[in-house]
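Shared between the two complexes below is subunit A, which pairs with subunit B and subunit C, respectively.
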Partner chain A sequence: MDFLVFQYPMITVQACLDGILLGVLFALIAYGMALQWGVMNIINIAQGDLVILGGYIAYFMYLYGIHPAWGVIVAPIIMYFVGIAIYKLVINKVVDRDLFISILATFGISILFMQLMNFAFGADVVLANSHYGTTMLFDNNVVLPNSKIFSAFISILFAVCLVIYMKKSKLGRAIRATAQNARAAKILGVDTEKVYAATFGINAALCGVAGALISITFTIHPYMGLPYTIRSFMIVIVAGLGNLPGVAMSGMGLGVFEEFADYILGTEFRIGSVFLLLVLILVYRRFKLSRKREYLK
Partner chain B sequence: MNKNNLILYIGILIFGLAAPFIFPAFKVQLSILCILIVLATTWNIQGGEMGYNTFGNILFYGLGMYLCASVQVGMFFPLAEWTESGGEKTFVHTPTQFFQGMAMGLVVAAVVPTIVAGLIGYAILGLRGHYFAICTLGLGVAAGEISGGIEIIGAGQGFTTPPFPNVGGLEARGEFFYFLSFLVLILTFVAVKAIYSTRFKLILNAIRDNEDKAEAMGIATMKYKIIGWMISAFFCGLAGGIMGGLVGYIDSTDVAFDGREMGVFMVLMAILGGKGTLWGPVIGATIFHIFKEGFWTFFLGWQYVALGVLIVVIVIYFPEGLMGWLREKYPHRFGEVVDEADRKAQVEIK
Partner chain C sequence: MKLNKIILSFVSALVILFSTSVASFAKVVGDKIILGAAISLTGKYSSNGVHTQNGYNMAVDRINSMGGVKVGGKTYKFDIIYYDDESNPKRAAQLAERLISQDGVEFMLGPYSSGLTKAIAPVTEKYGVPMVEANGASRSLFTKGYKYLFAVLAPANLYLDVAIETAVELNGGKPVRIAQAFEQDAFSQDVRLGILDAAERTGSKIIIDDKLPKELNDMAATLVKVKQMKPDVLVVSGHTKGALTAIRQIAEMKVDVPMLAMTHCDAAKLSKQHGKNSQYALCASQWHKSLTYKDDFFKDGMTYAADFEKEFGYDPPYQSAESSAALLVFKDAFERANSFDQKKVRDALAATNMQTFYGNIKFAPGGQNVDKPMVLFQVMCDDAGKCENKVVAPLKWASAKLIHPVPKWSER
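The block that comes next holds the complex of A and B.
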């Protein structure tokens, strides 16, 4: 633990920029989670594992000599079908049941994916090197890898495309209608079963994009999934469902928080601080809400 | 209590006392089974009776484990040096020291998690449904990550608990831990059974069925939720303390705060047996443990894959558990009166 942060202001700038670029990625994953939470009322604990799986797709392309940036296009296509398969096998049986059942079922999927990836790809920490080089800012005091800038750019691109798609296309309208009222949508001729499958597929595809970007900019490991789930859950509850600017803002805020926690507390407490932040946010939320229910006491 | 029940209880008690002599090779497995039943039964107080699905009971279990071992070592030797020396022991407990330390450690391991449960419970038991579930999941993982960064309890390299002293022959260690865990199991079962026959259980069920209405009826729901969680924490802490001594080695994320294994196991066992019943967790834990050991033996290497599949299958196809299924099939055995005409007249509303 040291307080370099206060002695060298450039480290603050570095942490903020790193955090924002990281936060954009978190926001992309959280957007997928908000989508399926809003539409299907399911919290997918396996979200983070889908991200890691997407990362491994990009990593394998890198191993076979293809530039990993193409993973941004290949991973979502593969992950879309993985998502549909998960939906058909498991999720459609729990979709209208108790929320805890779906949490537990996706927890099971998460363990399954984690272990299968561990078998298939080994327990090493890997990354796909993109050879993008770095950008120096402020008299060479701040170092930004170009891959991070690239990943933030691609994330924003995908998010914008998805928002436009949700607004304009027929499927997008159907998804939004189902989110508002599934029963009414069914009466009006929306095939909600198909909408659910598509939503889960789109979510998995978003996870695939994010995973491919993470494998380029950071590292991936089969067991690193759960923190991504928790981060996206946290972002969604801070922002609220269906609040897209909020998701982006709180994603970046979380990224910056993490970078500072990393500098101040030390890297070994990084994941721990994320989980503690979740608990603190929920506790804050509970006391804020309980003030509204004072009259019951 | 009628005559049949009394015979059943006495039979189980005799079997429990005789088990380590009948199956001498399975003493450790039987001890673990006792611990698992304790965990499932205490989880059932939250998940089954109160409707608060927690992944966080693992927090008290891990806390108890670390506290028991720390007290057992710290009472006689400097703790920091003990954990630093890792596997090579420079300090040896005499038998008296070992048992004194264990007794003191178990007391601390039971009391401190209870207090912690009270404090945390006040903060987070106001959360509902999935917020509570995810929050407790976060708590468990955070505890594991943080304890993995603390030097004095061994940080990443783990903590070796004091080895069993050289008294009473080769079988003494297994028997000691078996009877200790069996004692805790009986304590837990008796306590839970006593609780379930009081108004307290009705209040917990009222909270599960409709918390706002229960509150409106004048029940201080918060108080009862916290008390319920403290009871769970008490027995989870005890179970953790014993498990630490039994395993002999404590690691932050793989043994103590093992949300991925033990934390899910306790939920699964209760669901498999049937949550919201007294016997469900006991039966569920027994079946689960046998299955698990089978998996671990026959699918070595693939056990976690099998575990993931098992979770999905149990949750999708047996959400009511074994007791729920029996209840559906033989309702009169559970003291329910079924009106056949009424049953036929019921139309499922979708």
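The block that comes next holds the complex of A and C.
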């Protein structure tokens, strides 16, 4: 236990800002997960691995002398097609089955991706340098790497574009219709097969953006995907499906929670505290539901 | 009837399998001494696993081409059976079992990392198979009373205590304030114990003592504390990701600390990945090519580095050098034992006292090498941004003067 955070008030400010910037990025990944969960009823365990793959795309651009920030445009394009390919090969066979089958299938994809990335890119920890510099606030007491600000800004930009796209475009409307009632949508002439493929592609593209941002702000490694899956799962559970402001809020909340857990409990409990929170929330939800049921009886 | 047939064919297949494998790989076949090694060729340690394998292979080729091993008036050549342990301790232990009981290997080389060596050591010990390892530095390996385990490298607790002593010395002999962040694995925690010892010895105070998770990629919290509390030394050990994350975030957050000491800098290719941001970092290393140790096979560090580069296309990290040294130790022990009896070879290993290009080698009763100090190098960059690692401590081997304190970010 460490209460430094209360002794130095600036640390509190730092933790909140760090948490919010980080949380926006988490929210972007979670939004993709919520989208396909809502539309296809699939929980994608490979979410984090798609993120890491996106990170490697930005990293390779960096290796070849292109600024990694361009990765936020290139990675989603490539990842969109990777997503479509995964859908055609695996997901379309499990999409109407129960949740357990789809979890198993995406778990398999996750393991496959980890091993393939390890095989193709090696087990080294890598990162892409953006050389963006640092912003200092409050008399140099609070420091924000510009790469973090950049990543939060890009995340918000993509999320906003996606929301508008969902509202206005034909495909967006078809996706929303399918999410509400796949059968009815089909009867009314929506090609649900295409909608599913596009949804999975969009999710993978979002992961690609997030991955590129992570390679700029943090580090990537073939086996680092799972924490991102867990975080987005957790955010979606808290926010509920189809609740976009909720996803954004719970994403930022989780970011801040993590930072404080880091300061107070120690860095070693950072991921652990996320798991703990997940368990607590699931228990709480169950408790609330059972109360409701009793009331109905 | 049918079932019986299936069982019969299954059993006979097994018998054939066992008999062929035992016949084809005994300990010493013809003029070959066969060593066994489980190496991480896939999984999270695969890059260092490959460095280890390259080091072994380089030494095998060199020793074989320079006359091999002379035992009982006959010349033998080295050969190694490799298995991929997938960076998984359980798998490594199974493979050690398989190398010994199925393949009949009677002498082993170590895997990569302390964790995997820990998994294998009980197996080699059980069968009385001498193992010379080059990549397991955890102190706990040497306190279990293993009789058949020999490590050519210095134990983990010695990695960074040189840094603390140097800091105290530069502080005019007065104690310093230390901030430290260590990953929670066997190796890093041993490095931490070494720092605790050094702090106690010098009366220094540890003001930040953070533990880093396995899936570390953000240590901003630790660095914010460092910024606020202004320690004299910051020590970080968390394998390659620890080194990379620390340098990235120290540069981004403009954390000023007079001395930054780390492990795994060359494995992380720190200066290549971070360029000038990695400047002034102090790194613990088992070996550096500029050290002036000599032997008959690789001559000295510089020649080794040049030959290695020619063969594998990159500058050898210390993981490769120490792996090559393990083979030199085996050769020396076989020749002194003048026998392939495991007990005699073990006793010969225990009596090793030699110099290799990698350093002096002499084993303590626990199996660790006590005759080779760690070195510290500092990343130094020129104005063009080209960085090099230069040995700065201990003074005996220093090729450059330590830059201390590290210049502030505002002045760089």
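Definition applied: the second predicted complex is superposed on the first by the 293 of 297 C-alpha atoms of A that agree within 3 Å, B and C clash if a C-alpha of one lies under 4 Å from a C-alpha of the other, contacts with A are read in each partner's own complex, and residues count from 1 in each chain.
Simple rule for what comes next: a contact is a pair of C-beta atoms (placed from the backbone, for glycine too) under 8 Å apart; a residue touches a chain by one contact, two chains touch by 3 or more.
Nothing here was measured: the structure is a model prediction, and the numbers come from that model.
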Checklist entry - Should A:V160 be classified as contacting the first partner (subunit B), the second (subunit C), both, or neither? => result neither
Checklist entry - Touch check for A:L63: first (subunit B), second (subunit C), both, or neither? => result neither
Next on the checklist: Just checking: does A:L99 make contact with subunit B only, subunit C only, both, or neither of them? Give me first, second, both or neither.
Outcome noted: first
Next on the checklist: Contact-wise, after the overlay, does A:I73 reach subunit B, subunit C, both or neither (first, second, both, neither)?
Outcome noted: neither
Item to check | Touched partner set for A:L188, first subunit B, second subunit C, both or neither | outcome: neither
Next on the checklist: In the overlaid three-chain picture, which partner chain does A:I271 touch, first (subunit B) or second (subunit C), both, or neither?
Outcome noted: both
Next on the checklist: After the superposition on A, what does A:D262 contact: first (subunit B), second (subunit C), both or neither?
Outcome noted: second
Checklist entry - Does subunit B (first) or subunit C (second) touch A:Q115, or do both, or does neither? => result both
Checklist entry - When the two structures are overlaid on chain A, which partner does A:F218 contact: first (subunit B), second (subunit C), both, or neither? => result second
Next on the checklist: By the touch definition above, which subunit A residues appear in both interfaces, subunit B in one complex and subunit C in the other?
Outcome noted: 115, 119, 226, 266, 268-269, 271-272
Checklist entry - Of all residues in subunit A, which touch subunit B in the complex? => result 43, 90, 93-94, 97-101, 103-105, 107-116, 119, 226, 230, 233, 237, 266, 268-269, 271-272, 275-276, 278-279, 282-283, 285-287, 289-290, 296
Item to check | Touching residues on subunit C, where the partner in the complex is subunit A | outcome: 42-47, 87, 181, 184, 210-213, 215-222, 224-225, 227-228, 239-241, 244-245, 248-249, 252-254, 268-269, 273-275, 277
Next on the checklist: Quick check: in the complex, which residue numbers of subunit A touch subunit C?
Outcome noted: 4, 8, 10-11, 14-15, 18, 22, 115, 118-119, 122-127, 129, 134, 136, 140-141, 143, 145, 147, 214, 218-224, 226-227, 259, 262-263, 266-272
Checklist outcome for this item: Residue positions on subunit B within touch of subunit A in the complex are 53, 123-124, 126-127, 129-131, 133-135, 137-139, 141-142, 145-146, 148-149, 156, 212, 215-216, 260, 264, 267-268, 271, 301-302, 304-305, 307-312, 315-316, 319
